[in-house]
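Below you'll find the structures, each written out as structure tokens.
The same chain A turns up in both complexes below, where it pairs with chain B and then with chain C.
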Partner chain A sequence: MSKSDLSPKTLKPIAQGRSAHYVMAGIGVAAMLALLSVVLPLAVQGLPRLNMDFLFKPPRELGGGGIGPEILNTLIMVGLSQCISLPLAIIIAIYRVEYDHIRHLARWFDQGLQIVLSLPTMVIGLIVVDVAIVRWHWPISVESGILVLSLINWPFAVFLTVQVLQRIPDEWREASRALGASRWQTITRLILPVAWADIIELTGLTVARLMGETAALIYTAGLNVTSRFAFSAPGETVAVHLWYIRTEGLMPDADQVAAATGLVLLLLVIAVLWVSQKFAEWVKNANL
Partner chain B sequence: MKIDKVMDRVTHTVFALFLVVWLSVAGIIVWGTWRFISHYGFLSPILSSRWNPLAGQFGLWPFILGSLTVTVLAVVIAFPGSLALSVLGSRILQGIWRRYFVRLLMVFVSVPSVLYGWWGLIVIVPWVRRLSGTSGYGMLSASVVLGLMILPTFSILSLEAIRQVPESYVEGSVGLGATEDQTLWRIILPAARPRLVQAALIAVARGLGETIAVQMVIGGQIGGPGLLHPAATLTTQLLTDLPFLPPGVPGHDVLDFMAFDLMVLMTIIVWLQMRIGSWRYE
Partner chain C sequence: MTRTSDETTPDIEVHQLSVWYGQTPALRNVNLNISAGQILAIIGPSGCGKSTFLRVLNRMIERFSDVRVEGTVRVGSFNVLDDHVDVTQLRRAVGMVFQHPNPFPMTIFDNVAYGPRIFGMRSSTQLRKTVEDSLKQAALWDEVRGKLRRGAGTLSGGQQQRLCIARALAVNPRVLLLDEPTASLDPVSAAKIEELIVQLKSQYTMVIVTHNLQQAARVSDLVAFFEQGRLIEMGNTQEMFTAPREKRTEEFLTGRFD
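After this line comes the complex of A and B, so read on.
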């Protein structure tokens, strides 16, 4: 018997009965390529147009303009609506998880939250048009847009934060209470420090979602911009601008402008996700 | 403690605000629906297909049918891809590859829907136009765009579903001499089935609620029957008709009724999800 008969080749597990896995891998790669095919033409068509002028100049119906005011509107509207809705959402999540006042109603609360969460954003836009713009006479403006975005974000952020808080083991809470800490001492010294990193990471998702919001903003924040920022002035965002160029706008260079606008939107979203992830990692390691 | 008392009060106030806001949102929809129903009836607008709101004809059937067709087709289109992606991400890729794969999927989940609509306009619509000789706008294009849009969400949720299957099931199966394919088909997927169905339902809810990506490629009128003619869904019709039916115009209530229909559909989906959540694998 020669040594080569015992070569590792004969001792390795045999790759049999894996054909379905290969098929799955093939389909999966194809699906991934299909997803990439959404992003790549955006980069190819949009990149030549992406320069300083485009990023800072106001748009022009006759072509050649930029999307400066739209970027500013997006950042301000998303930022302020996060400032309003995120603290409110965290408080609701604390009430749902840390207080047991609604223990027997928790099922109802969760179902209601799910329904509100899956309500089309267009419906929320309709409600805001009905109430804020028609009944309260708010203008079609940045502030109405902030109201819409806060309403859209609130249940979503509650849902994500509840998930984070529920992942913290109950024994920790019991230990804290047993050591004599009050409910809010437990929350501020134990629950929130543990939860911050995950909350920050998930907030990145909600910011990205608000940046891409289009349908609800068309009739509340409007389709045009003014040269100077004001809360009562129309506030078209980058996503709405892209929709407008592609469906109703008459610019001669619409194809290029749309691609470049989409590219800016995509880069904003990726930047938000990346920053929130890095920030979450930093918080996790910093032991605040 | 003093801080506890203060924070208790803050928490209760915010919770009351939450309830008031969302109950009044539901209330506004129901109230508008009530005004609509008391004028035009409940079933006849749903079953009629004459849509001419300025003349007082409110047939919603084409839009309901459009919503359901587009969503179901989109989920059917997305299903093989998302199953493959979830198997790829949970059973085939390992280590750092798996981590980057999941991260990439998360980026795609966050890609704004208007970008998928843009992609549909420059890629899918011309493609359908060339293949079929019609305008290219219609339910087929909308389903393809929507299918691709829900693919990342659907895959991430399915991936989570497969990951929840205990590793001991897999080891037991392989230990008994099953091949990897047999383990996948006979053990992993059946054990993950309730969560996979839940993932599909969330994908359905996302598809039903999607407005902008569908609106860009569906064409926006009631064309002929079939998938290749321009059509509309409940959400896209809400978007396009809001400027023609501002509050105060008699037909405005129909928008609330459409919102109510969407809310009912969502409630059914959520209820199914909760029911399926209590299934157990035997």
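After this line comes the complex of A and C, so read on.
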């Protein structure tokens, strides 16, 4: 027996079963290329326009304008609608998961939530037009937009929060209750501290979703901006502006502006997702 | 920590206890007494109502939907099945340890401090003292001192179980209910828990559900054998294991059981 026979050998993956791996990798590469073929031209076309002027100046129909008010509108509308819908969603999710003694109610609730979730956002927009704008005489404005975004986000946030709460093992609730904690104490001292990190991370997703919302905002928040922010002023968002440039806009530099606007929207979404993830990690570690 | 319930170790008295899950009976006419400071081991085949019995003693049974109970259960001064019993104080007096170690996803310190905080302990010196005492009592202090700010998940299974015992002890209970506390642990960790149970003996009235007959023989003063929701036999541990009165008990203890 030669010496080398005694030395340990490295185990390499066996060729058998590798073909599926290659197919998957191929599909993955194709998907990446498809994504890049959209993003790269966007970056090439849009990057030259991405400067302070573009980020802070109002748009101009004759070319050379920016998207400053649109960015502000987007941040305020998405931010405030989250402030309204997220707490409501958390309260509802807690009631659904932690107080689910009434089985029938829980079942009806789940069915109802599915229905509301599958409503196109456009329908919610039309409802707001009919109720808030036509009957209550709200203007086509930032505040109507906030109402729409809150309504769009609410069921989605409920759905995600319910998932988070249901993933918390019942053993922990059991241990807490067996120590003499009331249901309410269990929620405030155990369930919510444990759930925060996941709720924050998923809220990032819902924020990104609201940022990309267009259909429901076109006829509630409008296609105009004013140079000074007001809740009753028209509130075009970045995503809606993009739609506008591409369909009705007459500016000579429409291609460039559209690309740059798309890029800003993309960067905003990436930033939101990144920040929410980091924040969630931080909260998780703060618990330990 | 001031205790509002009676200071002495309580006895337990169960009279004509029956429990149903929906239409399915889980316990039928159980009568038994445990004197203060004794350890009762409950043995029996799976599904015989052992855990149900345990969960009646601190009313954790009420978490299950569709449960009906009958009879009276007295733990110290608590009339457990009474509609007006103070469940919070009852559970504070009757601690529970579960089959799977279930520490909260928090630090070791926060796990043990959870109970005292629930009952309004705010001062950090007091909390630190309670946590230290409880961990010492649970024989975990030497292993975790200086690491109290680490997550409970970093501990081994056996350590986690002792942490859960410390967490239960931190609210100063007088009774401990242990639901197969070593079933999911390796033999060495299980032996440590057993040792701990023996050490805690006489300070607490304990009820331990176990599948491990040797364990029952080693730690308990009394043994109760349940089968299909009925208490078949109960007696002094030594007598039960050497000369059981009932044939079913003997068959179970000798493994000739179907």
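The rule is short, and it goes like this: the second predicted complex is superposed on the first by the 269 of 288 C-alpha atoms of A that agree within 3 Å, B and C clash if a C-alpha of one lies under 4 Å from a C-alpha of the other, contacts with A are read in each partner's own complex, and residues count from 1 in each chain.
Basically, a contact is a pair of C-beta atoms (placed from the backbone, for glycine too) under 8 Å apart; a residue touches a chain by one contact, two chains touch by 3 or more.
Predicted model only: the values in this text are computed from it and were never measured.
**Q** For A:194, select first, second, both or neither according to whether it touches chain B, chain C, the two together, or no partner.
**A** Second partner only, chain C.
**Q** Please name the chain, chain B or chain C, that touches the greater number of residues in chain A.
**A** After superposing on chain A, more of chain A is contacted by B.
**Q** Is A:169 touching anything from chain B or chain C once the two structures are fitted on A? First, second, both or neither.
**A** Second partner only, chain C.
**Q** What is the contact status of A:177 with respect to chain B (first) and chain C (second): first, second, both, or neither?
**A** So A:177 only meets chain C here.
**Q** Considering only the touch criterion stated at the top, classify A:47 as touching first (chain B), second (chain C), both, or neither.
**A** A:47: touches no partner chain.
**Q** Quick check on the superposed pair: does A:185 touch chain B, chain C, both, or neither? Answer first, second, both or neither.
**A** both
**Q** Pick one for A:116: touches chain B only (first), chain C only (second), both, or neither.
**A** Only chain B; A:116 stays clear of chain C.
**Q** Looking at A:83, would you say it contacts chain B, chain C, both, or neither? Reply first, second, both or neither.
**A** After superposing on A, A:83 lies clear of both chain B and chain C.
**Q** Please write out, lowest number first, the residues of chain A touched by both chain B and chain C across the two complexes.
**A** Shared contact residues on chain A (touching chain B in one complex, chain C in the other): 182, 185.
**Q** Would you tell me which residues of chain A are touching chain C in their complex?
**A** For this pair, the touching residues of chain A are 101, 103, 169, 171-172, 174-182, 185, 189-190, 193-194, 287-288.
**Q** How about chain B: which of its residues touch chain A in the complex?
**A** So the residues of chain B touching chain A come out as 1, 3-4, 7, 10-12, 14-15, 17-18, 21-22, 25, 28-29, 32, 80-85, 87-89, 91-92, 104, 106-119, 121-123, 148, 151-152, 155, 179-182, 184-185, 205-206, 208-212, 215-216, 235, 238-239, 242-243, 246-248, 255-256, 259, 262-263, 266-267, 269-271, 273-274.
**Q** Give the list of chain C residues in touch with chain A in this complex.
**A** Contacts found on chain C: 58, 60, 63, 65, 87-92, 95-96, 98, 100, 102, 104-107, 114-115, 117-119, 149-151, 164, 167-168, 171.
**Q** In their complex, what parts of chain A are in touch with chain B?
**A** 16-21, 23-32, 34-35, 37-39, 41-42, 88, 91-92, 94-95, 99, 111-112, 114-116, 118-127, 129-131, 134-135, 151, 154-155, 158, 182-185, 205, 208-209, 211-215, 218-219, 239, 242-243, 246-247, 255, 258-259, 262, 265-266, 269-270, 273
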